[in-house]
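What follows is a set of structures for review.
First subunit A sits with subunit B, and in the next complex the same chain sits with subunit C.
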Partner chain A sequence: MTGFLLSAAGFILLTVATGLVRILRGPGDCDRMMAAQLLGTGATAALLLVASATGAPGAVDVALGLALLAAFASVAFVNSAAPPEQNLNNEAGVE
Partner chain B sequence: MSAALDLLTIVAILAGLFFFLAGTVGLLRFPDPLSRLHALTKADNLGLGLIVVGLLPRAGGLLGVLKLVAVWFLVLLASATVAQLIAGAIRRKGSST
Partner chain C sequence: MTVVNALDIGLAALVLALAAWTVAAREAFAAAVGYVAYGLLLSLVWVRLFAVDVALTEAAIGSGVTGVLLIRAAARLRGATPALDEPLAPPLRFLAGVLCAMVAGALAATVLLMPDPAPTLAPQAVGNLPSTGLGNAVTAVLISYRAFDTMLEKVVLVLAVVGVWSLAPDACWGGSPGAPRPARPEAALAFLAQVLPPLGIVVGIHIFWVGADEPGGAFQGGAILAAMWMITMMAGLTEAPPVSSTRLRLVLVSGPAVFLAIGLAGVVIAGGFLAYPSGSAKPLILFIEAFMTLTIAATLPMLVAGPPEQPPQP
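Our next item is the complex of A and B:
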C-alpha cells in the first residue's frame, strides 16, 4: 500500500511537471500563474500522499501551509498584474 | 473490512490521479486562457478531493481525518476564489495576454 501511495505521489509530481511547460509556452502571464497554482495544489496532494505513506504527522501541516501560500501567490499576482481599481479608471467608458 | 477500505483508497486515489492528469492536459491543450482556467480548477478541486477521500481511512484517529478535510476545504476555498480573481484579471487584460 505504501508503495502505491508513493508511486501516486510521484505520478502527480510528474503530471505537474508537464503542466509547468505552460509557464514556458504560456502566451500571457495569467497562464503562467495558473501553472503555478496547479503546482501548489499538486504539491499539496503529493505531500498528503507522502504523509499518509510514511506516517509523518508533520507533513499534513506542511501541506496545509502550502495550500494557503499558493492562494496568496495568485492574489499577489492579480493585484500587481491587473489591479481592479486602476483599470476601472482607465476604461471608465467600457465598465 | 480493512481490505474493503484499502480498495476504496486505491480506487479513490486512482480517480484523483485521473482528474489531475485531465486538468494538466487541459491546461496544456486548451486554446484560450479561460478554458484553461476551467480545466485547472477542476483538477484542483476534484483531484485533491478524491485523493483526500482516498486517504481518509488511513488517517490516524479523528484529528487526522479533520486535518485532511481541513486541507481540502481550504484548497477548495482558495482555488475557487483564485479562479475568480484570475478570470477577472484575464478579462481586464484582454484575451491576448
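Our next item is the complex of A and C:
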C-alpha cells in the first residue's frame, strides 16, 4: 500500500513538473499564474499521499495551509498584476 | 533504489531546477511566479525532512504572503524603466562572480565538513519538555528556551511596519494604506473573498492552538489569519484601517507588549527575565502566543498594504 501511495505521489509530481514548463516558458503572465495554481493543487495532493505513506505527523495541517494559500497568489495577480488591456483575457483564465 | 528514494531525488531535482531558473529569469513577474512555485515545492521538501513546523511556515510565508508581496511589487515596477539594464563592466562582473562562488563554496564546505553525528541540542530540548508542559519541542525552543530571540523578532515586525509607514507622503499621513479600492469588486474575486475567510480563520486558529503539542504555532496560524484579511482587502470588500487608528496600533504592539510584560513579571515571580513560574508555564505560553498571533495577523497585511496613499478622511 505504501508503495502504491508513493508511486501515486510520484506520478502527480510528474504532472506538476510538466506544468512547470508553462511557468518557465510562459509566454503570457496568465499562463505562468495558472501553472502555479496547478502546482499548488498538485503539491497539496502529493503532500497528503506522501504524509499518509510515511506517517509524518501534522502533515495534514500543511496540506490545509497549502490548499488555503495556493489560490492566494492568483488573487494578488488579478488584483494588481494584470494590466487593464488584459482584463478580459484574465477573467477567462480564472473562471 | 526504492520508490521513496526516487521520489526524493525527483523532488530535489525539481526544486534545484526551479531555483536556478528563478534566479536567472530576466523578467520580474516571471521570477515572482517562479518563486511562489519554488515555495510550494520547498514545503513538500520540509515535510519529507519531517520538519513540519518549517513546512507550515514555508507554505504560509514563503509562497503565500511573500508571493503576494513580490507579485504586487513586480506589477508596480512594470511601468518603470529598469535601472539595471546597462551591463556591468567585465572586471566588476568577474569580481561579483568570484564573491558569489566564495560564499557558495564556504556554505558548501560548512555543510560537507560537519562532524558526524552533527552537534545537536535536540536531546536536551526534548528532555526538558516536561518543565514547559508543552508537547512540541519547536514551540518550547521558540517561546521558552529562546524566548528572548522570539520577543525581539516580534519587535522587529513592529519596527518594519513603522519603517513602511514612514514612507508616507506628508499629505497622506493618517490615511489608509494602499491604493483606493475599486468601485466595483470583480464578482469572482468577491466570491472567493467571501467563501475562503470563514474556513481560513478556523484553520488559522486551529494551527495556532495545536502548536503547543503538534507542529504549528503563533507564526503559522497568524500568517494564515493575515492572508484571510488580505484577501478581503484585495477583493475590495473591506478597506485597510487608517494608520492613525488606535485599535490597529494597539493590536500591532499587543504581542511584544504582552511578551515583555510577562517577561518582566518573571523577574519578580520566577526569579529571572522571561522565566515562567513552574507549573503555570503552559498557560502563560499560550497567552503570549495568542497575542502574538493577533500581532502577526495585523502586521503582515500592513506590510503588504504599504504606506498610506490616501489623505485621511475627515
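Note that in this section the second predicted complex is superposed on the first by the 81 of 95 C-alpha atoms of A that agree within 3 Å, B and C clash if a C-alpha of one lies under 4 Å from a C-alpha of the other, contacts with A are read in each partner's own complex, and residues count from 1 in each chain.
As a convention for this text, contacts are C-beta pairs under 8 Å (C-beta built on N, C-alpha and C of every residue); 3 or more make two chains touch, one makes a residue touch a chain.
Nothing here was measured: the structure is a model prediction, and the numbers come from that model.
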- Record, for the superposition on subunit A, whether partners subunit B and subunit C clash or fit. fit
- Have a look at where A:33 lands relative to subunit B and subunit C in the superposition and call it first, second, both or neither. both
- Query: Where does A:3 make contact in the superposed view: on subunit B (first), on subunit C (second), on both, or on neither?
  - Reply: second
- Message: I'd like to know which partner A:70 touches here: subunit B for first, subunit C for second, both or neither.
- Response: both
- Query: Between subunit B (first) and subunit C (second), which, if any, makes contact with A:45: first, second, both or neither?
  - Reply: first
- Considering only touches as defined above, state whether A:13 meets subunit B (first), subunit C (second), both or neither. second
- Item | First (subunit B), second (subunit C), both or neither touched by A:78 | both
- Query: Closest pair of CA atoms, one in subunit B and one in subunit C, after superposing: how far apart in Å?
  - Reply: 5
- Identify the overlap between the subunit B-contacting and the subunit C-contacting residues of subunit A. 16, 29, 33, 35, 57, 61, 64, 68, 70-71, 75, 77-78, 81-82
- What residues of subunit A sit close enough to touch subunit C in their complex? 3, 6-7, 9-10, 13-14, 16-17, 20, 23-24, 26, 29, 32-33, 35-36, 39-40, 43, 46-47, 50-51, 53-54, 56-59, 61-62, 64-66, 68-73, 75-83, 91, 94-95
- Message: Quick check: in the complex, which residue numbers of subunit B touch subunit A?
- Response: 6, 9-10, 13-14, 16-17, 20-21, 23-24, 27-28, 33, 36-37, 40, 43-44, 47-48, 51-52, 55, 58-60, 64, 67-68, 70-71, 74-75, 78-79, 81-82, 85-86, 88-90, 92-93, 96-97
- Query: Which residues of subunit A touch subunit B in their complex?
  - Reply: 1, 4-5, 8, 11-12, 15-16, 18-19, 21-22, 27-31, 33-35, 37-38, 41-42, 44-45, 48-49, 52, 55, 57, 60-61, 63-64, 67-68, 70-71, 74-75, 77-78, 81-82, 84, 87
- Sort out for me which residues of subunit C touch subunit A in the complex. 3-4, 6-7, 10-11, 14, 17-18, 21, 29-30, 33-34, 36-37, 40-41, 43-44, 47-48, 50, 52-53, 55-56, 59-60, 63-64, 67-68, 71-72, 74-76, 78, 186, 188-189, 192-193, 196, 199-200, 203, 206-207, 210, 214-216, 220, 224, 227, 230-231, 234-235
